[in-house]
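Note that the chains take the letters A, B, C and D in the order they are written out, and that residue 1 is the start of every chain.
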Amino acid sequence: MSDCETPDEYVKERINNIVIFMCNECGQGSANTAGVARMAYNPAFRIIRVQCTGQVGPIQIMEALNNGADAVACVGCCLGACHFFNGNIISMHRIKLMKKVFKELGYSDQFVNQYTSRAAEGETAVGDFENIIERLTTAITEKGTLKDGC
Amino acid sequence: MAVKEEKMEKSEVESEDSEEPRIGVFCCHCGHNIAGTVDVAQVADYARTLPNVVKAEHYMFMCSKPGVQMLKDSIKELGVNRTVVASCSKNQHGITFAKAIAEEGINKHRHQQVNVREYCSWVHKKEQDKATAKAIRLVEAGVNRSRKLEDVETRRIPTTKAALVIGAGIAGLRASHDLAELGIPVFLVEKNSTIGGHMTQMNKTFPTLECPQCSISPLTNGVANHPLIELYTNAQIKAIGGSMGNFEVDIEIKPRYVKDNCTSCGDCSTNCPVEVPSEWDSGMSMRNAIYKAYPQAIPATFVRDKKNCIECNTCVNICPVQAVDFSMEAETKTVKVGSIVVAAGYSEYDPTEIEPYHYGQEGYEDVITQLKLERMLSPTSLTNSQILRPSDGKIPKSIVMIQCVGSRNEQVGNKYCTGVCCKFAIKNAHILKDMYPDTDVTICYIDVRTPGLNFEEMYQSTQEIGVRFIRGRPSEITRNPLTGELKVIVEDTLTMTPLQLDADMVVLSAAMVPPEGIGPLGSKLKVLRSKEGFLKEFHIKMNPTLSSKGGIFLAGTIQGPKDISESVAHAGSAAALAAAPLVRGYIEKEMLVPTIDYDLCVNCGMCITICAPAAIDTDEDGKPIVNKVACRSCGMCMPSCPTAAIQLINFTDDQLYDEIIAVSGGGAVCE
Amino acid sequence: MTETKEDHRQFKTEEDFDKKFFKDIERRSNIWQCIQCGTCTASCESGRWTALKTRMILRKVVLGDLSVLEDPDIWLCTTCYQCYERCPRDVRPTDVIMELRNYATKRGNISPNHRAVVGYFKKFGHAVPINDEIRKRRVELGLEELPPTAFKFKEEGDDKDLIKFEEHLFDLPPLKEEKKKEEEKK
Amino acid sequence: MPNRYPAIEKSTRFVMKKLGYEILEMERASCCPAPGVFRSFNKVDWMVAGARNLCIAEKLDADILTVCNGCFGTLQEINKHLKENEEHRDIVNEKLKLLGDYEFKGTINVRHVAEVLGYEVGPWGLEDIITRKIAARAAVHYGCHFLKPTRLREIESSEGPTIVEELIEVLGVESVRFKEQLTCCGAGGGVKAYDGKASDTIFEEKMKNINDVQPDFILDICPFCHLEYETAQDQLNKNKGCNYDYPVIHLSQLVAYCMGMDREFVGLQYQLMGKEYNFGVEEAKKEEEAA
């Protein structure tokens, strides 16, 4: 599907919004730190504040994808350091399941991802973002975006 | 708990969906921080076009007084009942604005903070147009979100007026004494049979070379005799339940096997046939199976060490007051407290891990730690405060102290600098040099760290009396198998010469590490720990005393290495913070809790199983009920509900949908 | 040796340092975090008897002082890994010195003996070639005269491996640099 | 297998056979190459040359057995490193192609004879196989690359190793601890080639410490240390006017002897030092008579 462009360019023009659900603690914290440290990242990322990644269900994720998000990711605290005990782990399992479903439906499973970050370290958040782009690039170059219906 | 719950259930969170929302949008320039990248005017113009938006302005500094005034005026003049401010992060100035509208009599949860600085302008400096576009989306999302925001009441929860202090070291004693002085009943739990902790083991305290016994005994006595303090020695925490303001703690008290009518005459101990190394004396002397750690120990009651006792019953028979009683049994006490202060202290690092120093290996008996040295020097020591080589009992002609043993060392996983080793090493070196002028004392250091008043002076005076300082970390302690003499091999990095120092005695300045059993305790308390293993403070600068969990406070070295004065200060602040809610008698909690729509609920119990703080339980006919105090408003119950019956207020699916739809570019919800 | 002493004496200016040069080394080991505690030098067997001062070498690398590459001391490391074992900051000095030797070799600072050893390797596939004495012994001990190594195959006229060695491995800088170095030595 | 000491090779072959190990020949093998020297010139080529040898073994699908710390050091480290570090593996494989059809897969392990004897066979295993014991005191020299760096070798702590001691205890040999036992012999890292004097000074100190405890012989597990101990003793006697005469014996030689081979078999006649040493057979005999 990619017409004679390098994947990066192709993706650049195709990816213009990625919805990130960030938990109130480390997720938000790291994003703030990243901001304070002026770490540049792709403007495609839009952050929605939730209490805990455990709060984000399939409903929210599908809504986002439905309304034109190119990808969705949940960013929570590091495993074991969830400020609400185990929300991030629950979310992780949830998203594993969603990935499965995506695969079975024949989509790429890279449109939904779970990440963790550390409030004190903006790099972690930015790193997650870059990783998302990376995965998405490969996914899209292989199968195309959700909008193409793969 | 149960009782309170009833109360909760009665008042329902009333929402005012009736009156239609009037939204005021305010875009902050934040100087050039935002305006430099995002075209705020454009954002404001767009916001104006959104439904329900009655006012959309942009201003240089929203957080400034005039900025906040704009907010208030809009409420007064245009009857704005929901505000959206697009500026910095929620925790920075979101609070400011929330307060502001609260002052105008609007519930502070009606304010929606949109973070265009950290999430947009600062990170997309290069791509201004895209940044603006994103900002517009974010603001729209904010507006959508705010449209359905509901009031959240803040409720007062009564607290139990009592405190629990774990650990009766200097920090624990200080904290419990301060709490008691504030008129709060204190339960003081100590693992060992005596109180006072490490401080009582010391010989002198830097920088003034005071006697720690003399400094601490008023406190120990004060605590022991304080009417409000209940002291449990030989006791440990078994379980902790409840939440901030109302904890329920099970304390397991091991028996002393000696009743309180003990006159501590000591006959039992003197006639006891068993001898084992004394823990309190860090193995530098022996004690009996029935013993008192040291003469001045508090409580003065003797204690029987069941593990080592051979049950010859000599003590039972010999005791003039028949205080010894082997039939005593462990009891578990349950106490209700409002706050918990953790002062579990530290342990000295065990240098066996660092093999080149051969600590504790045979032939290397003369390699000891600073704590052992302190014990030797102390007036109550076996050697009556003479320094004698453990190997042959001679007075050493040359003593080498090695700094940074177990701290500043990645191989053993302790990156941190303990920070007090330099001080006590210098102190001990000073004392040694005073005692034995013709013994040469050497300190091998990487950096001498003596910050603060009086410490540099102490360093100076120690240099004056002829203690030799060598900058270099010894690579190993070698022993000549033939003569058995020790040599410390170190490079004097300042002259670039490798040295072989003769050492009759080597003293390792071992690091402070988290105390044994911190793991179980930490998990019982359900508080986070730093990667070094100490308990993590809430915020390293702003609140080093609160733990990661509300109502649990840290005092002393459990939070990280400290010297005595720091620990005392830390304990004081812990006491104050712990006392505040108890003295006030209530804590305020925002009722940001889920509500259950019982028409939809199918009693599947998913929310009950998923709720981490176990804040959802069932009533008699199996319906789930939210315990609004215990609830930590994480919202995990929401997605777990198959019928979306349980909804966290202001984070409902519906509200999130509005936000998502705007963010993900689906356009405004009302179109 | 003496020259390097001279170097220590004269003061240096920014020009003498090339901060970029050792980037590679920094990445491979944590040399950037060295706290100059001297554990490496103290544990250095060679350093007790020779001019090798591991800590100084590390320091120079941190500063980006290229004179370290001319420094003969780096060839005095016996790679006993004692410092590697004991470094509290996990700097791995031995590896660093190895790297330095690589750089030094690139600049042609390499002793003739080492050159010879490499020569052997290229010719026979061994740093220590089999001489007649040893052949004799092997026979006496009832082993086959030659172990079936690349060398043996060469003996049998089939030396494709070694030719390949010749081509592809350890191409050291040309001789003239080496000459220069020797003169410096004298 | 070391070129310089066929004796060691022979004894090792014998010992391993006796213990039921099959020894395969590594066709076209080259020098390992020595970690100290070659690595210093060009790390990549060093890895390539090493990897080549590993490939040969991989083709045979057999673990590599070394009698030499240097070879062990090199091969084991390269093996481990390339197994973990893909980036380097690719580079190396690229270069290997130039050397013929070799590709590093990372299917085998590298073993040192001392490690095999010490842990796999173990004293317990050796006990029933040996035919005689030796009453002697040995100064054990571990050498460096066998144990260090610990985190790569993963054999034993480098500060107080006992693996060889425990082993030779079964053979009746008592190991005498001497000062700075675990330090380097002074030959490694190309120092001997680069600056003989330096390495001699190091060795001199070492010998002094060994001399203090007066062992019957010096036991090593590495031909290079072997070389250093033999030649350098000679050196010292010539230059520094000492008269050391300690026989230097490699572990596999010792074990082979204890398995009933005579001293010619293990090739003691080629010893530079302590030529007439005969494992104190006489004493042993006397004891037997006494008993």
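The definition used in the following text is that a residue touches a chain if its C-beta (ideal position, glycine included) is under 8 Å from a C-beta of that chain, and two chains touch if they have at least 3 such contacts.
Just so we're clear, the structure is a prediction, and the values are computed from it rather than from any experiment.
Simply put, of B-D and C-D, more C-beta pairs touch at C-D.
Distance from the chain B centre to the chain C centre is 51 Å, each centre being the mean of its Cα atoms.
Note: centroid distance chain C to chain D, computed from Cα atoms, is 22 Å.
A separation of 55 Å divides the Cα centre of chain A from that of chain D.
Counting partners per residue, chain A has no residue that reaches two or more other chains.
Shared contact sites, meaning residues of chain D that touch two or more other chains, fall at 159.
Contacts with at least two other chains are made by residues 48, 82 of chain C. The list of touching chain pairs reads A-B, B-C, B-D, C-D. Considering their complex, residues 157, 159-160, 176-180, 212-213 of chain D touch chain B. Residues of chain C that touch chain B in their complex: 35-44, 47-48, 53, 55-56, 82-83, 86-90.
In the complex of the two chains, the chain B residues touching chain D come out as 355-356, 358, 361, 476, 478, 480-482. If you check the complex, the residues on chain B that touch chain A are 89-91, 115, 117-120, 122-127, 130-131, 133-134, 137-138, 141, 526, 528, 548, 610, 612-613, 632-636, 638-640, 644, 648, 651, 653, 656-657, 659-661, 663-666.
On the side of chain A, the complex with chain B involves touching residues 16-17, 19, 28, 31-32, 34-36, 38-41, 43, 46-52, 54-60, 63-69, 81, 83-87, 90, 94.
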